[in-house]
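These are the structures, in structure tokens.
Shared chain: subunit A. Partners: subunit B in the first complex, subunit C in the second.
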Partner chain A sequence: MSPLRAGIAFLLVVLVAALAYFGAETAAVRPLLADILPYAALVIFLAGFSFKVIRWAWSPVPFRIPTTCGQQKSLPWIKANRLDNPSTKTGAWGRMALEVLCFRSLFRNTRAELREGPRIAYSEDKFLWLAALAFHWSLLFILLRHLRFFLLPVPHWLLGMSALDGFFQVGAPGLYITDGVIFLALLYLLARRFWDAQVRYLSLLADYFALFLLLGLVLTGIQMRYSDRVDLERVKEFALSLTVLSPHISAAVAPLFFVHLTFVCVLLAYIPFSKLMHLGGVFLSPTRNLANNSRIQRHINPWNPPVKVHTYAEWEDEFREKIRAAGLPLEKE
Partner chain B sequence: MRKKIGILAVLLGFFILVTFPLWHSVGMRHSLEPPNLVLPANQKNCVMPVAYMRSSHMFLLLNWRELVVRHDQHTFRSFDGKSYNMSLTGTCLGCHNKQQFCDRCHTYMGVQTPNCFNCHVDPMALRGGMR
Partner chain C sequence: MSDHAPSPQELVQITYQPKGSTDWLEPVATLSKGRYCYSAAAKNLNAMDLPNPREWQPFEEDWKLPPDWQKIILNGMQARLKKFRSFRLFMDICVRCGACADKCHFYLGSGDPKNMPVLRAELMRSVYRRYFTVAGRLFGKWAGARDLTVPVLKEWFYYFYQCTECRRCSVFCPYGIDTAEITMIARELLNLVGVNVNWVMEPVANCYRVGNHLGIQPHSFVNSIEMAVDDIEDLTGIRIEVPINRNGAEVLFVMPSADYYGSPHYYTLLGYLMLFHEIGLDYTISAYAAEGGNFGLFASNEMMKQLNYKIYAEARRLGVKWLLGGECGHMWRVLNQYMDTMNGPADFLEVPVSPVTGTRFENTRSTKMVHICEFTADLIHQGNLKLDPSRNDQWRVTFHDSCNPARGMGLLEEPRAIIRSTCNQFYEMPENTIREQTFCCGSGAGLGTDENIEMRMRGALPRANAVKYVQQRHGVNMLACICAIDKATLPTAMNYWVPGVEVGGVHELLGNALVMQGEKERTTDLRSEPLKEKEKEAPVHA
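Showing the complex of A and B:
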């Protein structure tokens, strides 16, 4: 029941927001949310992240995975696809870079439809790719721009980035392009799970939770910037106090900021235990990071038990006389 | 084994990147003070309550601009009952010093120095920094 899953995920996010909002107004909880939660979230994130990565790194990957989307390198007159089916390390790096920066595998996304007949028809569906790309690049921009709260003096490249993002100079504080883009992209990614019956069937609570959480994070941020402004100087003071490990937050900072902050912390702590871990996982995907050189180099499974083999040469030695007597050809006379 | 060490090295690099603000602040520990904002000596109140000004003065400025340029209204009644002429240069910068007030906070916050002063005049700059 997908609507139920979506509803539960939504309520969970609302619950987090409510806890943060009322916590910020409760003297006993406020310091907990501001001074302890961010560090706890960071520690959980880093520990969980390492745990996952180390477990992946330590699992043996004895073979190359040749299920790729391009022609393997073979005979010189057959054109090989060097990026989709790389036979060299450089090629594998190229494939990984394209995957991480351009989401190349999403570009291949197709949609299956039942037409009259009935017959099945496949069509291209580039919107998932477009929305995912728009979302992730905006997120990167927003995260980097947020560094202005944590760094003093604010570096020049950061100012340049903010200026680029605020290129259209609409209003004050200036509208950031990425704010609109990330919001629309998230809306599409969510709507897609409702509209498309097949995707709806596949969607789990965790899928909706991640989307609602990000949407909540982005919406509270947008609200803070364009309507219910908070005291940014005090927010920066708080952010800087976090960086020197002596956190304190002014009473002047509004509860809305706490909702934003708590969303961040929940997201951070949630990453290692969820599908969002693809942040690290993509780099360790055997289908992306291994050159397919199985025809060039022999890969031996390290935990194969020693196999007793009897080669043809040995077999021929054993039966040489009999073979010769029967008049059969011998490889070695 | 070489591969595992490589992965661990990248993981370590990622840790350093994620915690970058901490390392940055270690180097800057002495200068993390909030900006020293010079307030007008002979005035007690701003045109709106100070909490509103701190967070939302840009809304007020755009509001003023809208009223002046589109609606030909020029007088603003402040919360403490005074009347002000709605003007960026004449009023805000009549009380506040741009460099020692606006700019200091904006630099601290990493706000792009608003482009308002491409057109509007900073009276201090006109008088060569003297008042």
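Showing the complex of A and C:
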């Protein structure tokens, strides 16, 4: 099943690219791609993203259910694990920060194997963590770097960041480390969906689609930067024109840029309908963002339902003779 | 052992390489015997006012579902999506990275890909997509969505009762997606159409009406406590008193009922009672709130609340100041994460203070319920108990962290502190198999029944395998734990996978080591086994 799913996902991404490429060369379509699509994508993204996040945020958290991953706070002489099992709000924030910035939980990853014996062996498996972390951090850097198209003048911190990223001057223009890293990371994430039998078995079309789309995005970006150079001045003009709501793209901008731009738009519009919503969801996960303090402070369930109970009096009525025979005290003789 | 269980050699013919040619969206065709529990008897559903009581069994073709079962389930999903952020969020954000895949003991023991936590959750998620998301409505199976059909429902029953709600998967998930949470919701949904298992519903019904899982009535309850008192007298020469339903005691002690009717639980009971006598604790136990365990946790949040109600109610009636709870895993999940929310506030109680050491248990300020291991560890640390660890020299001990105290609480060091002070020989299992990464016994969450034996043994494989490791290295012969379900089911699993390892409670070890004032010289341990001859050389420390 998986190869079929991957194949269709790949074709979908190629289709997007083809539409964009030929659209850019068709007079009737070109303005649609440049002037309308970005706004449409942004509106869908903002509306969809906020809708989902708000819906999560407004759903109640009836019970305090952190997954505790370390020693609780109990007796003063037992060292509590403040981050993996926080008992305070601050601790829970720390735990979230570790999750979001370092992918703490993914770092625990191991791989199980059944050996002779039988013996189950668990080996460290940090590649998923490494690739995921490399991908996300690169993505963040690349997104921030793109701000230089939208800002005039370009702020100093942005220039500084780009300089740091381009620290290794390989060829001219300078090679950004993040470009290579994100490409390799994505390749790894894709490859394991083919090679790892478990992940292959469970992968859906959407999983391949997200990866192919991102790869397409990264590859067109790299191509524009290092081989088929686009006219950056014109692109910046276009980006600025978007920000002032009077979009205009010069005829000099090559179709390759349209492919890149369309990938971005498809990605943006796709996020609210997909698993990529994890970027908002991770912050709201009740097994991670709550302190394990339910014995210290009462947690309130807004819909705490009334239930039928079996009271002591009913119990005593039912078993009176036996209770008496056993010599236990009775409330009512 | 039942005829459904293959031999260990047959059973380990497992591969973790699912065949790519099959599509998980197709529901499994048959439920394999030995891997599921029998249906709940109608009388138990009636006792709890649950829908669709009838005679049926999972191996029958017709499950006698109500005609509008599909609508009932979908409405139930809708309602729960609104009530639980966890449910909605966990339906939405899984990236299928597979980090959780090989973390589940049932997957490790069966190789069945639908036991990968992510796929277990996808069984529900695929239906969620079909009815509650745009992509699923538009693109159907290409978006990983599928219709809610009878085979899908059967598959839910099969796999959501192959999950022990142990939360190990959630430790490894980058978003903390807790498949146990999804299993809990799935079981609530199945309850709506009368698809439940007897091993959960019978204890629930008994506990509700009589006060404990087996339905042991007050006079038999008193008898078993008296038997314990006699046994302690035989062992130590001391006649202790165990107050029951006593008004005005300082502490109400609640334990899982298995402690007074199960073995090896019983030795743990002896340990508690000896301890309470020795420190002169002003306490009582209750024949009404005679069950700390709560199988409602494995059925629905409402049933959990119904059963848990008795604890605070009894504390109030008896006018105690605070609560102490015995050794039990899922009981502590409920006490730690649900009780106060459901049945609190416990403002009629006082913040627990140890009458012996004066330690104020600030960590239980609101709930006012202390874990026996917290209580005892404090006594030992403050030097209030006289212990002779050599009386446990017959044991080479390892400690099994039970899922719930580990991952729903973080009670890791307290029991270890007790073991270190009461045993000379203590050896830890490998790191990936203890503490927050501990492996389930494979029989929790209401699955510990005979007809389910094959799945239980499969689920116990990772735990047993780690025990085998310390058995071979250090000659371990005692698997200590603090959970009634462990004590009930791990002996079978040990017999099956690692013969020669006994299972016992931490307070059993304490009872062995506890030197009581005025006791006669002990010649046997709590199990009436002769003590090991005292050896000349110094004891080996771990």
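In this section, the second predicted complex is superposed on the first by the 297 of 333 C-alpha atoms of A that agree within 3 Å, B and C clash if a C-alpha of one lies under 4 Å from a C-alpha of the other, contacts with A are read in each partner's own complex, and residues count from 1 in each chain.
Note that in this section a residue touches a chain if its C-beta (ideal position, glycine included) is under 8 Å from a C-beta of that chain, and two chains touch if they have at least 3 such contacts.
What you see is a predicted model; the values in this text were computed from it and never measured.
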Larger residue footprint on subunit A, choosing between subunit B and subunit C, goes to C
> Is A:Val230 contacted by the first partner subunit B, the second partner subunit C, both or neither?
Replying inline: first
Once chain A of both complexes is superposed, is A:Leu284 in touch with subunit B (first), subunit C (second), both, or neither? both
Request  = Please work out whether A:Ala197 is in contact with subunit B alone, subunit C alone, both, or neither, and reply first, second, both or neither.
outcome  = second
- Message: Looking at A:Phe150 after the superposition, I want to know if it touches subunit B, subunit C, both of them or none. Which is it: first, second, both, neither?
- Response: first
**Report entry** Partner chain(s) touched by A:Thr90 [first = subunit B, second = subunit C, both, neither]
**Finding:** neither
Subunit B and subunit C footprints on subunit A meet at residues 284
Interface with subunit B, subunit A side, in the complex: residues 42, 45-46, 49-50, 53-54, 57-58, 147-148, 150-154, 158-159, 162-163, 166, 169, 171-174, 229-233, 236-237, 239-240, 242-245, 252, 280, 283-284
Subunit A partner, complex, touching residues on subunit B are 3-4, 7-8, 10-11, 14-15, 18-19, 21-22, 24-26, 28-29, 31-32, 34-35, 51, 54-56, 58-59, 61-62, 105, 107-112, 114-115
In the complex, the residues of subunit C that touch subunit A are 12, 14-25, 49, 81-86, 88-89, 92-99, 101-103, 108, 113, 116, 118-119, 122, 133-135, 142-144, 167, 170-178, 181, 208-211, 217-219, 221-223, 244-247, 287-288, 301-302, 305-306, 309-310, 313-314, 317, 336-338, 340-342, 344-345, 359, 361-367, 369, 374, 377-378, 381, 406-414, 417, 430, 432-433, 435-437, 461-462, 465, 468-469
The subunit A residues in contact with subunit C across the complex are 1-3, 5, 8, 52, 55-56, 59-65, 67-75, 77-81, 84-85, 87, 99, 103, 105-106, 108-114, 118-120, 122, 128, 132, 196-207, 273-278, 281-282, 284-288, 292, 294-301, 303-305, 307-312, 315-316, 318-319, 322-323, 325-329
